[in-house]
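Look at the two complexes coming up: chain A is in both, with chain B in one and chain C in the other.
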Partner chain A sequence: MSRRLAPQPGEWIDRNRPVTFRFEGRPYSGFAGDTITSALWAAGVRVLGRSFKYHRPRGLYGLDGSDSNAMFETRDVVNIRGDRAPIEEGMDLRAVNTFGGVERDRLRIMNRFGRFTPVGFYYKAFHRPRSLFPFFENQIRRVAGLGTVNSGKALRHTPKDYAFCDVLVIGAGPAGLAAALAAADAGARVLLVDESPRLGGSLTWHGNLDDSRDRLADALRRVEAHQRIQTRTATCVAGLYADGWAALIDRLRLTKLRARAVIVATGVFEQPAVFPHNDLPGVMFAGAAQRLIHHYAVLPAERPVIDTRPEGDSPAAALLKREGINLLAGRFIARARPAGGLAGIRGVELCRVDERGLPRIEQRAEQLACDAVVMSVGWTPNDTLLRMVGTRMEYSAEREQFLPVELPGGVFAAGKVNGLVGLEDRWADGLHAGQAAASALGFGAAPGGSRPAPAGPAINHPYPVSDPDEGKNFVDLDEDLQVKDFRNAIQEGFNSPELLKRYSTVGMGPSQGKHANLMALRVLAKERGEPLAGKQITTARPFSTPVALGHLAGRIFTPYRHTPAHAFHTERGARMMFAGTWLRPEYYEVVGKTREACIQEEALHVRGAVGLIDVGTLGKMELGGPDAVRFLERIYTGRFDNLKVGASRYGVACDESGVVIDDGVVARLGPDRFYVSTTTSGADAIYREWQRWALCWGLKVILNNATAHWGAMNLAGPRARQVLQPLVDISLAAADFPYMGVRECRLDGVPARVLRVGFVGELGYEIHVPAGHALGVWNRLMEAGRAADVRPFGVEAQRLLRLEKGHIIVSQDTDGLTQPFEAGLGWAVKMDKPFFIGQRSLKIHQRRPLKRTLVGFQTDEARPRTMPRENHLIIEGKEMIGRVTSIAYSPTLKRTIGLAYLPPSMTAPDTRFTIRADGGELVPAQVCRIPFYDPAGERQRMTTPEEDAR
Partner chain B sequence: MIARTTPIAHMLAARNPNWTADGERTVVRDFGDPGRERAAVADLALADLSTRPRLGLKGINLAALLARQGLAVPGKLFAVEPFGQGGLIARLGKEEFLLEAGSAESLLASLREALAREADAFLIEREDACFLLAGERRGAVFAQTCGYNFAEYPGGVVFTRVAGVSCMLLEWPLNGRPAWRIGCAPSYGPYLWEALREITVDCGGMAVGQDALALNVPPSSS
Partner chain C sequence: MKLLRCPINGLRPIQEFYYGGEYRPMPDPDASTDAQWADYVFNRDGAPGVRLEWWYHLASGVWFLAEHDTARDVFLRTFLFEELGQG
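Our next item is the complex of A and B:
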């Protein structure tokens, strides 16, 4: 049966645009502009959902964006709020939190077991016997929660964005509209935000709209025409933070808004009357009934009664009386009488009230037949955002509500949230707030006169509770909490607002306690026999309303970095890996071969012929200026004042505590020009540190982080010279370009810096060229090296090759406590220098015996059945005495080798120890001298004429 | 001579553009729909300007040094002055400048040669990835990627983060139309290009070639 009314003035629906959708398998129709709830209510559907705990039928309640029991899901979207979400053509909706559908929910039986499931029962039950806990846990997990996430749905990124304004006005009711206009007139750029799909707030639904229609129309016209006002409707400000940051949530996105001033004109939330069966379909707030009529032209019920305070003078009462609705006077609802299956109500039993309006349930009065109860017993300020930013709220016994008494700087409140009721007062308060906010930012003059103050009789019922022993009377419909639940919690000692919230979970549901928090506080005060004044609602934290995780994630920006030769790697079938944010070739896949085989073949090829590896990720620093040498002397542990132009030297950097933080090669390009490599992951941090030190020391040094602007590749292997020589305009002969030399030259016309280094233990040239030319140079080398059979090799092969040479990798073979003497880097530390970072600490370390030493080792078996891995422990008896830092099978040496930390007493060659591998297997190994490969370093130096000729 | 390429060459190539040579550089002429691309520049378009020759400069008394070379040197920090036709010189620090060639690449080359002889000048290779975000609706892309308040833009260069990457922004009207240059380290270029392109397309814009920018690009070579 349709409950749609004749067209209402200003209704939000478009009757020319019908929309069809399905709910619980049945077809329905509504109009564009309808919410899911209004369309279903118009179609006569009363049961919209089931409650969280007892699975009781629930209908519409507030129609204000906080109806936690009218939530729906489609195949892909979960927990859609029916009282806010518009219907869409073809929607296929189900109620959340049901087992077998909203009408035949199998868990409705939970309502009969209420006495066994009091508040906090899950804290006390299911712990014994312990063996059964997993069973109960599994069952609770199945029935708890709301909605079912479809993890198989297509990933859809939401467009999270940023916005800015001078003044953010939250709430577009009369106070918000007036504030926006006042601030904008003063010259501020204003953003006016409202959760509803249209501006106007309570002027669109509350009371007699004929009185305010002209004012609303005029205000809307002015707002729309104002150059400095932007509006966003259907947008919720879910979080407010310090410094004017606000989180705006709409259907599609999260907007991070930065406002210089904020005006909170969020109005009020209605408070429930509490009586048995106050949760069933048909029991609703007066605001819900009015919105149904004015926004959606839907009749709330056939025969409703309205329970109102103060009696008779509520605008809601006036409206509903006009619609022929019964108005209770001098009475309170003692209990509602449920219809069959709890699908609604069929009447109410009334009781008398005392002189304060408090119900006297022992004085039962008449019974009324009805199909709905419209509650209008008071409001509480929608102050969540105010409290989020530290506004001090105090309870006014005179007004029976909280009021803001101290606002943080840059935050203003206006309208009903300030306890104002009359339209003129709210409008004036909005103007005042708008002018005050604007003038605080330097726009216009400060407002003259004082703000309106709350006046007239209190509009809030002090304790609208009927609490007989029969029937369930709900305070919090989100969590199915009754008055007796609070009473029980208080009796158990959870007798402060904070404890009560945590034990009972009041206010933790989807509506975040908008209708329940104040009532819970009233119950607490009454049970403790204390006044409400002085008590506080629990801390408000973002978000004030549930926000989809997808909104928070947004597009998920995860920056990555490519080296210039990236295209080559991917075309050549490289398996890429992350090294920090860089993508590097781990190895180049060969069809039919395992990862290990590919890596070993790459390594063998470097040893036997020539390979090319992309080392563009290395940190690359340029230094210049008259104090460049002095700077390097202070940064690195080694000596660089005697480094000749055209030569390079290994450098180790420590922090002030003497811990190794980085290493690299320092190359001297000129008397005052240096080119320095750092570790891949350390480059940015090292550069920042260097800038800081340069300032601290007051040195005349020019620093430049050239990491990304230069590409780099290492051509390594006995045929490296043969490949490179034809391409460069310098002689690569050993006599002209010795080991650890550096040269600036042209490589096929491209300016290049070439370093003769030996990280992998072969004749090697590290070639650095401007990044824009690096791919071309790489390809040129591959082409020129075809006859020499040059092949690319990846990071894993390089790791293996350097391990064979015993070269460490900082942060793999060192950790956050490693000092150079432990890592075998004492040779690179020149303690006789006047100063370097970490020197004082290292002097202390020098006086103390070492606690551990990095040594080389090999396993007894060439290929242990269970291969130890990095960070596996070295065990002696039951003691952990060390750990493996690097380990690999060397195809060149045909044995498994590694580096490990051991106590200094165990570092002599051939000392035996055991490594605990995966599964607890103990793998025997023994200490070896390093380097494992080419200990004399002849292959990387290639200084003899015979080798030079090869 | 090995040609200089943009750091996003492989991303561009994946979209099968029409390439053209511009001096020593290879640039995208168009992505196959020059008409739409030209129209998009007024609305919302993203283009790659990475291959333009650049030079970084650090040193001592650089302002005077550059002035002696006959350049209009930006006096204030982060200010920008024109350099040749369509080029720019930006002051990134008290003693740090970035020069970019417009159509007259030789001007930058000769300047580089001259400065290389100066003891107080420290020449720096600048291989920045540089993109142009053009059109009336460019703000929609920035809104999703950048927390900078453009209403407070003081002019000149701004350092901020775009899509999580440290970037250098500069308002740079294109033939009288609103446009912004977005520069970053070349290694982040592929990521940033793809992030911006995806959002630009989502917002109804498109990636465009140099032809759409009307930068006097020579005829297509493919």
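Our next item is the complex of A and C:
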């Protein structure tokens, strides 16, 4: 049976464009402009969904998308808000949250169990025995939640865009229209946003439309013609953040908007009357009834009653009376009488009210037969966005509502959200806010005169609640919460708004308490015998409206860096790995060989011949200025004032608590000129903190983060000198360029900085060249080293080689608590210096016994069946006494070696301990001296054969 | 998303900045007791209110100080370290 009315002036539907769709398997039709809810209601469908907990039938309620009654899904999209979503040709809809369809939902039986499932039931019932909780959790999760995600659906991209304006006006009702026009007239660029598909807000459905039609038409004409006003309809401001940042959501996209000022003209949300069966289909807000009539030309019900304030002169009442509806005055609904199957209501039982309008349910009045109740008992400001940005709202006992009392800078409120009722007041308030926002940005003059203040009788019922012993009266329809649920929670001690919310879950459903938070607060105040004034609604957080996760999903943006020699690595079959944000060769793959074999061969080749590794990812700092030495002395634990020009020295840096945070090599290029390497991942933070220390200490030092300016490679192995010497214009003879020396030279004509280092324990040259030349120099070395059989090696081989030398890697062999004395770095800490960062803390450490010590170890078996891995624990009895930080099989030493933290009492060589490896396997091991390989360091100091002969 | 005014680069989105903690001058290490030093190193005052903070503009490498009302999350003033004590 169609409930479509004769054409209404200004209706939103296009009767020339019928649209057919399906709901729960049956065909329906509506018109273009209909929402899913309006089209179904027009077709006489009353049960649109099932409630969350009791699976009670639910129908049209608010018709503005703010409730969770009318939520639908298609095969591909879940949780479609039927009040807002337009019908589309061929749509195939189901109600969410049913088991077997909206009419014959198998879980409707939950309604009978209400008394056994009070608030807090799940917390209390399913916790013991603990072992069964996973089972219960699984059952509860199957029943809870709304909608079913089709994980096989086609991928849909959800674009994001960015927008900017001077003044964002949220809500295009009379206050919003006036504000937009006033701000734009003053010279500001205005964006006017409304969630409805058309501008006008309540001017399109509320009050005497004959009187306001001309004003609306005129305002719309001016807005459309205004060069500085842009409009976005069917767009919701889902989040408002600091400094005018707003998240705008429409059907297709998320817009990240930056506004210099924001005017919130979001109006009000209607509030429910609470009486038994106030949730069933047919019980709806007056606003919903009016929108049904004026927007969609649909008759709300055949025989509704309207439940309103005693004064009973609301425009809604007048309008609905015209449709032949009873008006209640001096009476309140004690309870509704449900129709069969709870599919609607068939009448109401009335009671008398006292002088404040509060229902006296014991004073029965007449009964009325009806098929709907139109509720009009009060409003609350739609202040979610205002509160999200920190607006202070306070309850006015006089107006029986919350009102904004303090707004953050750049945020303005206008219209009903300020508690204004009359159209002239709201319009004037909008003009005032528009001028105020514009003038705050330097456009036009500040508004003259004062803002209109709320006047006339309060329009909000203080406690529209009928709470008899029998029957479910709902406060929160999302969560199926009744008055008694709140009473129970309060009795159990959850007696503040925030506690009450957590325990009862009020306001946690899709509507986020738009119709429930105020009522929950009223119940709380009444139960505690306290006034509402001074109480606060729970914190508002984004989003104000449910937002599909797709709008939030984005492409993962992971920037990464290539070294200049990247092209070589990929061509040579390198398996790349991340080192911080850099991509580095882990090892070079050889067809037919395992990863481990490749790594070990690379390492052996460095020991036996010569290898080349890309170390371009190292942090590279250039320091200059008269205080450069003084600065380094304060940054690093070691001494640098006695470092000679042309020499370099290992440096350890601590934080103020004495924890090792970085290490590197400090090379002195000139009296006041230093070139310093830092760890790969630490470079940016080190540079940042160095800048800060330089400021704090007032030192004359110039810092340059040259990490990306220089490419770097380490040529290492007994044949390194033979490969490099022909390419450089300096002598590499040990006497001319000793271990830990640094030279500036030309390498094949390219300016280069060469450091003689020994990280991998062989004769080695770390060659730094300008990044643009690095690939060329790399290839030149590979070519010049062909006779010497130079081969590239990766990070894994380097890690193995340095482990053989017992060299630590900061952040692998140290953690967030490691101080240098524990890590065997005491030799690099000069406590007699006047000052370095961390020195004062290390003085305290020095007076205390060590808690752990980093030691070398080897496993009993050369290759344990279960190879322990980094971070595996060292176990004694049932105690964890230590941790492995590095471990690998050394092909050179033909045994498995590693570094581990052990108690200081266990650091003597040959001390035995047990590592707990994967699967609980216990691997025996013993402490060894480090370095494991070439303990005297002869190889890295290596002289040429001729020099050996001398 | 908040905006922050870098004294050199002007008003920029906050994700361009790194927060460097509250501005807390280092006490004289030699004149401090162990307890005083440990208090400086480890303890932070999280009470809401106006405080001086270090901020760093990542893109340009500028350290500066900001007066931040953490109760209201409002930046009252930003200025270069060199201007500290100049009002």
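Remarks
Rule of thumb we're sticking to: the second predicted complex is superposed on the first by the 607 of 950 C-alpha atoms of A that agree within 3 Å, B and C clash if a C-alpha of one lies under 4 Å from a C-alpha of the other, contacts with A are read in each partner's own complex, and residues count from 1 in each chain.
In the analysis below, contacts are C-beta pairs under 8 Å (C-beta built on N, C-alpha and C of every residue); 3 or more make two chains touch, one makes a residue touch a chain.
Values in this document were obtained by computation on a predicted structure and should not be read as measured data.
With both structures placed on the common chain, the touch criterion links A:Arg451 to neither chain B nor chain C.
Once the two complexes are laid over each other on the shared chain, residue contacts for A:Arg941 go to neither chain B nor chain C.
When the two structures are aligned on the shared chain, A:Phe835 is found in touch with chain C, with no touch to chain B.
By the document's definition of touching, of the two partners only chain C reaches A:Ala242; chain B does not.
In the superposition on chain A, A:Trp710 makes contact with chain B only, not with chain C.
Contacts of A:His773 after superposition: chain B is touched, whereas chain C is not reached.
Counting the residues of chain A that each partner touches, chain B and chain C differ, and the larger count belongs to B.
When both complexes are overlaid on chain A, the residue A:Arg895 reaches neither chain B nor chain C. Contacts of A:Ala567 after superposition: chain B is touched, whereas chain C is not reached. Chain A contributes residues 159-164, 189, 256, 258, 554-555, 557-564, 566-567, 570, 582, 616, 622, 624-625, 673, 700, 702, 704, 706-710, 748-750, 770-773, 775-777, 780 to its touches with chain B in the complex. Within the complex formed with chain A, the chain C residues making contact are 1-3, 18, 20, 25-26, 29-30, 32, 34, 37-38, 40-42, 54, 56, 61, 63, 72-74, 81-82.
If you check the complex, the residues on chain B that touch chain A are 1-7, 9-10, 13, 50-51, 56, 58-60, 122, 124-128, 142-147, 149, 151-152, 163-165, 185-192, 195, 198-199, 202. For chain A in complex with chain C, the residues that touch the partner chain are 241-243, 245, 390, 408-409, 656-657, 687-688, 691-692, 695-696, 705, 835, 839-841, 844.
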